[in-house]
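Structures are listed in the sections that come next.
Two complexes, one shared chain (chain A), two partners (chain B, chain C).
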Partner chain A sequence: MSEEVYEKKLLDKFSDAVIDAFASLADKIRPGWKKRNKSRIDEWKLMAYAFNRSPPGIIGAVLIVSFIVLAIVGPYLAPFSYDLQLTFFDPDAKRAPPGTVIEIKGKLAEVLGVKPGNYTLILGADDQGRDLLSRLLYGARTSLVIAILVMAVGPWIGIILGLIAGYYGGKIDELIMRITDVFLAFPGLILAIAFSAVLPPRISVFLDNHPDVRDFFLTLFALKPQHAGPLASLLAVVVALWIVWWPGYARLVRGMTLSERENIYVEAARALGVPTRWILLRHILPNILGPILVYLTLDFGGVILTEAGLSFLGLGAVPPIADWGRIIYDGSNYFPKDWWTILYPGLAIFLTVLGFNLVGDTLRDVLDPKTRRSIEFKVKKKREG
Partner chain B sequence: MAELRRFLVRRLLTFIPTLVGVTFIVFVIAAILPADPARVWAGGEKASPEVVQRLIEEYHLNDPIPVQYYFIMKKLFTNTMVSPVTHRYIWQDLMTFFPVTLQLTLVAFFFIIVIGIPLGILAALKRDSLLDTIVRIFALIGVSTPIFWLAYLLIYVFYVKLHWIVLAGTPTPPYKITGVPLIDSLLKLDFQTFAQIIKRYWLPGFVLGFAGIGVVARIVRNSFLDAYSADFTEFAMARGLTKLRIYRHVLRNAMIPVVTVLGLMFGGLLAGAPITETIFGLPGLGKYMLNAIRLFDYLALTGSVFFVGLIYLVANLIVDILYAVIDPRVRY
Partner chain C sequence: MAICEPIIEVRNLKVNFYTYAGIVKAIDGVSFKICRGETYCLVGETGCGKSVTARALTKLIRPPGRIEGGEVIYYSDEGPINLLELNEEELRKIRGAEIAYVFQDPTSALDPLYTVGYQIAETMYEHGRVSKIKEGILRAVEVLRNVLMPDPEKRVHSYPHELSGGMRQRSVIGIGLSNKPKLLIADEPTTALDATVQAQLMDLLMDLKRRENLTILLITHNLGLVAEVCDRVAVMYAGNIVEEAPVEELFRNPLHPYTKALLRAVPNPRKKSVRLESIPGTVPNLINPPPGCRFHPRCPRVMDICRSKKPPELWRGDDHRVACWLYE
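Moving on to the complex of A and B:
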């Protein structure tokens, strides 16, 4: 495949550079990787080429990247802490509409570590006089950390169980799928509500016994040490979503493994005496990863949405933790007068989740080999004609 | 026909272990109680030790796990579970709260079918047109919108600005046939009550169904296109059938996967109800669950989770059976 025939735009050059950089890195770790995976690298470049041709995909990618960047640097960028009540400085800060200017001065500013001066509350303040912009920035961190914690464990329980069920079949398959059925017998949100309601006391006890784990999560969520209490209910949501988020993957992966294991390469690996674990993770999983990746992307947004919903219902984030769903819940008491406490956090959730859905939807097309072949075909036709 | 019967028997047999599993999960929820539920139920720190002791005995809180499991399941299945907080029969409570959720779900379902299916067919007929793109984007927007946010935006438009909706009260007619006022008023041809209910429910129903509309439109579009490229369609074209008649054939075949998705979605809508009910102040199952959580009434919570699980399970069973009946090719 000669690369010159493609009309490469700036974006393509960028994505090629990223892929090349990754390939060189892999080559450094395992010499010869680049040469062995030449066709794979070409295929990746073609995928990026197809992705770059999809405006929704690019919009989605921009949304995701801005969300992740804001979630990482947001807490440092925020003008105030998530729990700072500006009413200390100016009583007008309570339920201040967007654009209100408040003056910060006096000894209190020194004590609280805020620089004196005039601040414009771009997005207004909530009923406690807390700056909404700062809370939204901290809220991005909360959302991202919860979503990563959920996605790093939940789906993988399902993927591994699905691989085992599909590969072994028989009684093991039957057992795993019956258990999966039981979990699928509940609507996800209901089960999540129930577990995030009953789990916090237990997690609280666990955190008290493991101060290092507690401190780790406090840093991760960018919380002050005195807010270790509300941490338990945030982690309860994570555990509740693990419980809810694996069965779908188990069913999906089992189905794909069932058809994949019939392939000759699996038989060859088995004949060579490759351990089962290796066959599952190194042979079958990479071959079914495409559709899984699409679902993982879509569900990343789904987790953010569900978590916000739980917080809206009063589960999960407890005051004073900044969480998008919780901000809307607290603001709803003053609806419709304090519209900004509902409009902006909702917009933040919407744009973030939309980003993941746009990218997921585009990935579905890009990972479909038919799309890539049709691009090659078009290019070929163009060259000949 | 014999094959269908065998399928039904097999499907019913797998229903039983699943139900047992459901009871296990329900029990786990009840078992992860906070440290001292009896004290909380009796009124916190100031509770008298006798009352706490009585509650512990009454609800078998200190008994071995199997005894607790037996106790909870016996009470749930015989409908004799009494809430330690409200002192009411939980099953009876569920029966009064459920019709509200069901009505809400029915209205949401109505929107999904009436908007989603035609939209999907139009998108398929005008494939790759602007309309098709709009439907695709609409579907993505639908699943990305937090429904609690959408609810407030729409309340602002339709309640604060336009006054098109009533947000208080739940009309209950004086007669009772099925126990669901929406259906009862239709059966009795009592259009005044029916209109009242619709005025109260249309917006919450729309909010609840919003995400589903786009999803169903996408599925209808894709399965319509699949059926359109099938051999039988080509044959129908070769025979020179009119376009309209071809579309009728296509539609019938395209509806098969749609029915399954709609069935599964019905259960999903029931689950999505807590948020909608909270915002619109509808006294439904979801509201009941959240109230139970607020009052530390874990047995009512357990009871409602069990109830929802049961309904979901039965709904899926009906979908599977319907699927086998509609599509004669499907055999398991």
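Moving on to the complex of A and C:
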């Protein structure tokens, strides 16, 4: 018990250090920031304490952080490239179970830029003889980039439409919400399937015309230049998810805006000649940001899951691109004999999505002042007692 | 009495609310004129349309409400403008800069997420008085000093929850005055505060009025306050102005039966009374307002004509106006 308390205290110190570091940085950029935002910094620290009291939250945070770190450095750590077929060196590499040792040697290794030597395939290889561990690491990058690209745009379409609909009301509200209803009437996944099936040729043309954009995304996804074609289908998934991802947010935000705009300070701002755009973005949005933040975190996992689902259905990632859903799809032909091609990417998806859900749930408790206070009181009691 | 140089003139204003239950005729032909430099009061019971009138002046009525007719002439330095014909952007420039509002509840009139200084700076920034929010926050210290906020240098960085009710209302008045408006519309500015703070704030408002050359439209249901600070008073009932007069005239010589009843309902501390006086009945449902004079179901001196025809506006003297058939 005492050990547990000690461990938690360590975590509190860590979160304090992170927040202090951020505050000092902000203070350096804008002198005086720390002093002016003292109460805000204290509030953040209390939020961190509350978060630290939640074991599921910590587990989730660890899962998310490891996912993000692996997604960033994974492609550099991976022993092989995502598309390297080890069967060139050793025919046994095809559908090799975990633990198989293969030897890489010869002129071909030099040409392909692989260091010669003995490699243990920790997680085995797939039906093309590609190292599963390497593909999972590249797959993490694919998932993270897609999730970020989707979340950076999709929900915001909904948030902005929801703000407009809720604030103006009347005919504008009706129009926006009926369009939202139309989108909600289709199952999101089906709509996404339709769009990701139709879009790739168009995006392909766009990428050919804009080499800078293409190269940027190739680096982002850690793809080789010759795989610009499959890149188009990845981006098609992103666009498809933008299109299906906003209606939920439009509804959520509209509802919250409706109740928020009744506050006198919104009317006061209007009566003092503050422009609508400013009222929406500076007064209404920040006041409803808490629930939106929770929803965004939970949805991060949702996007990863949906994207894996699309790839599993054969849309989105095209071979040889490494994508968790696609790896499962390719492996399913050889299941259950080649269990490793299903189990490991499945675990990767499971743990990542679980991480986001756990953190989202905890954030909901931490961002809600009522539940947070009760957690904080417990913390204080423990310290005094 | 000095000659009235009008700052704003309302002619036959009509506002309806389109609800599911039916059309609420909240304001039905209200006309009045406010002279430069005076304190003009709108009094009446809850729900008689005082606040709706005030908001309609700069088209702050939201759906399902709609301004159905009338004119609001604002006499700006560049000449008269009909505010109801302006578009949203033109109005935005008038709101705050020419006509500012102070609302009833200072607790909810401030955004809990921003410091007081920021909220003052914001309106100055939007009206181009300062080029940066930061500069506005520096100027906000002056604004707060102007409304007699204690320790303004520190309070500029306070969040609304860190201030007392009186300090909050001082900040709200400060925000209202930060752009040097000509007309300040104060919608029950002291209702949410306790009696001593009320008195302080009314002193402050009157003091500011003198210093800043303000015209004030004060909305209240507190007749004591009216007697103390107002120059001219309009009594509203169910969406109509039933009587308008200089304050002394109104208290000494009320004409409309509603005004009389209202004045009787104020408890007199010198007289020991067993029961408080009240006006029998309630404010009528404005979806189906009573035909003729809207007060007739509660009027002690009701006549036949009151039930069928709306009373005309009758002048008794130069500045005493009453809408009642009794004086025909």
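Everything that follows uses one rule, which is that the second predicted complex is superposed on the first by the 352 of 385 C-alpha atoms of A that agree within 3 Å, B and C clash if a C-alpha of one lies under 4 Å from a C-alpha of the other, contacts with A are read in each partner's own complex, and residues count from 1 in each chain.
One rule holds in what follows: a residue touches a chain if its C-beta (ideal position, glycine included) is under 8 Å from a C-beta of that chain, and two chains touch if they have at least 3 such contacts.
Bear in mind that the values here come from a model prediction, so they are computed numbers and not experimental data.
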| item | value |
| --- | --- |
| Chain A as common anchor, with chain B and chain C clashing or fitting | fit |
| If touched residues of chain A are counted for chain B and for chain C, the larger one | B |
| Partner chain(s) touched by A:Gly169 [first = chain B, second = chain C, both, neither] | second |
| Partner chain(s) touched by A:Arg178 [first = chain B, second = chain C, both, neither] | first |
| Partner chain in contact with A:Leu305 - chain B first, chain C second, else both or neither | first |
| Which superposed partner A:Arg277 touches (first chain B, second chain C, both, neither) | neither |
| First (chain B), second (chain C), both or neither touched by A:Leu313 | first |
| Superposed model, angle subtended at chain A by chain C and chain B (C-alpha, nearest 10 degrees) | 90 |
| Chain B versus chain C as contact partner of A:Asn357, first or second or both or neither | first |
| Smallest distance from any CA atom of chain C to any CA atom of chain B, in Å, after fitting | 10 |
| Chain A residues contacted in one complex by chain B, in the other by chain C | none |
| Contact set on chain A toward chain B in their complex | 56, 178-179, 181-183, 185-191, 193-195, 197-199, 201-202, 301-302, 305, 308-309, 312-315, 325, 328-329, 332, 335-336, 339, 342-343, 345-347, 349-350, 353-354, 357-358, 361 |
| Footprint of chain A on chain C - complex, ascending | 55, 58, 60, 62-63, 88, 91-97, 100-101, 103-105, 108-114, 122-123, 126-127, 157, 159, 172, 175-176, 179 |
| Touch list for chain A against partner chain C, complex | 36, 39, 169-170, 263-265, 267-276, 278, 282-283, 286-287 |
| Interfacial residue positions of chain B with respect to chain A in the complex | 14, 17-18, 21-22, 24-25, 29, 32-35, 136-137, 140-141, 143-149, 152-153, 155-156, 160, 267-268, 270-272, 274-275, 278-279, 289-290, 293-294, 298, 301-302, 305, 308-309, 312-313, 316 |
